[in-house]
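Letters A, B and C name the chains as they come in the text, with residue numbers starting at 1 for each one.
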Amino acid sequence: MAELASLAAVVEAVLAVAGEPVTIEALLAVVGEGVDRAQVEAAIELLRRRHEQEGSGLQVESVGGGWRLATRPEHEGALREYLGYRSRARLSQAAFETLAIVAYRQPITLPEINFLRGVNSAGVVRTLVERKLVAAAGRKQVVGTPLLYRTTKEFLVHFGLPDLAALPTPEEAEQVSGDGTSEA
Amino acid sequence: MDPAVVAGEPQPRPAVVLDVFEGPLDLLLHLVREEKVSIWDIPIVRICDQYHEALGRMERLDLEIAGEYLVYAAWLLLIKSRMLLPRHEGEEKDPRQELVERLVEYEKVKAAAAELAGLAELRRGVEAVRCAAPDAPTEVELDLEEVDVLALAGALRAVMERHLREHPAAMELAPIRFSVREKIVELFELISRQRSFPLLSHLLTRPDRLEGVTFLLAALELVRLGTATAHQRAPFAEIYLTPTGVALPMDALVDG
Amino acid sequence: MAELASLAAVVEAVLAVAGEPVTIEALLAVVGEGVDRAQVEAAIELLRRRHEQEGSGLQVESVGGGWRLATRPEHEGALREYLGYRSRARLSQAAFETLAIVAYRQPITLPEINFLRGVNSAGVVRTLVERKLVAAAGRKQVVGTPLLYRTTKEFLVHFGLPDLAALPTPEEAEQVSGDGTSEA
């Protein structure tokens, strides 16, 4: 039985990182020699019952022809709350791009940002203004006198910059390849 | 090199596989340890000769020798020659001192690196649990705590590259809508805020190509007036404008 | 006690979907009114002990300034098998040296790293920036105003450290520097 428990632990680890339902076949391929289908099924059952009983925050469920480790419906509210909380500390890729444009091309108007990005960026600019990373400062003396945007003092503090001249030059930026936002 | 030291048959030594070394300091540390001598009292003549021997083997194997190895080779020769000169007690510091200090610091780095490598080894197999979240945002979000200025610069570069792909430069004639005088003032303000202002990327990203041309004329005017200098490292490379500190002579500005 | 168990279940659910360290503050913001810091800490402790005891495939760990649900080192084989190419590549000796320099002497510039290692380390630094183990943070106010580098939260997570103070003290290095020479 001790062996079944350690098999259940391996199965739990695999389900926890898989991010998708895992089939019995895939589990069999992973757990090593000398383990058969019935044992893997028994391990899953052990795992399933353990998460049922003990006031666990997770459950083992059978979906799409495989098994996965998932949260429970009763925690949905807390999870939404958490994801909302976290997204307040994050920026979308679009907002980050816009921030980069304002940082390097300031003062800049919304039409100019739209032109550079190729998409309407009013929403993301508003987000950046709300987050106090960007602020409107004056108007450009052209038709429509659009608002001019600049980065704020908070922006400098956040990125640890003494002033705007300390932003990396294009050469320094080339030292880091890619777009700088890819997952590690 | 030094007949007094390399007299007789050279001892057969195990071939040093040079590409396993991280650099001249790593090689030197290896040689010192092999000699089983104190790092504080390096027999510099012997170590220097062994170092050059190692480089010689590298050459014979036709390996490319990194510049850093040659810098240290020259430095070692200099220290060796100073050691061979008569020195008066307490008059000047040991010629080896700086080298020893660097080796000691590098040894610390290696020890710390070994600690980290050991930690990483213990962490293999530790992966974040990622259960599916209800309504997880599909858009990639960046943790503001984790993005740095280089990521910011990278994002700008990505935008500019995409933009230039979508808007290839083309010539077109249009009526004059921008005044050079106005652009001189605007450009002067812009360059005064930065150490080096990237003129080309600024020009290429103006929504109106004619505005870009006017900017170029304005830039030339700023240089002519002695208020800015322009640098370009290679043909077609970025042109940087640097303010000279000379104020803008408003009355000398051309109209147009 | 039943309340503590259900709090632990919520915490477990949040840690399971976060995929990154979650701070006590974030947990407090999520679990609702009437729960204080001490209770959240007690719930984490309950969760941590439960995963210690029962032959769980998971562990609760304190890394990067927060708490995280992660797999255990003993399942490395099965996980590598399952994740295949997705598991992270190992770091080179050069990367460990450079990372050690940044970790122990941060913030530090590239020229300083080059000097300490005796070789140009621009490429290694770039790799570390790409892997998000190292980030640029401001500039040093010396000639050329080079960028300063520091380690990231991801660095702490990668090495299983709650914070920078938890970095091990290299004993060998201690002995060498304690050998009685003047400052460099």
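Simple rule for what comes next: a residue touches a chain if its C-beta (ideal position, glycine included) is under 8 Å from a C-beta of that chain, and two chains touch if they have at least 3 such contacts.
Just so you know, these numbers come straight off a predicted model, no measurement behind them.
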item	value
Chain nearest the overall C-alpha centroid of the shown protein atoms	C
Greatest separation from subunit B - chain, by CA centre	A
Length of the line joining the C-alpha centres of subunit A and subunit B, rounded to whole Å	31
Geometric centre distance via CA averages, subunit C-subunit B, whole Å	26
Interchain centroid distance [CA atoms averaged], subunit A/subunit C, Å	18
Where subunit C touches two or more other chains, by residue	13, 15-17, 58, 69, 71-72, 75, 77, 79, 83, 129, 132, 136-137, 147, 154
Where subunit B touches two or more other chains at once, by residue number	127-133, 136, 143, 145, 148-151
Contacting residues of subunit A [partner subunit B, same complex]	16-17, 19, 58, 68-71, 76, 79-80, 83, 87, 89-94, 96-97, 99-101, 103-105, 111-112, 115-118, 158-161, 164-170, 172-176, 178-181
Subunit C - residues contacting subunit A, complex	5-6, 8-18, 22, 26, 29-32, 50, 54-58, 69, 71-72, 75, 77-79, 81-83, 88, 122, 125-126, 129-133, 136-139, 141, 145, 147, 154
Residues of subunit B that touch subunit C when the two form their complex	22-26, 39-40, 66, 68, 72, 100-102, 104-117, 119-120, 122-133, 136, 143, 145-146, 148-151
Complex interface listing, subunit B residues touching subunit A	127-137, 139-145, 147-160, 162-163, 166, 193-196, 198, 201-202, 205, 207, 238
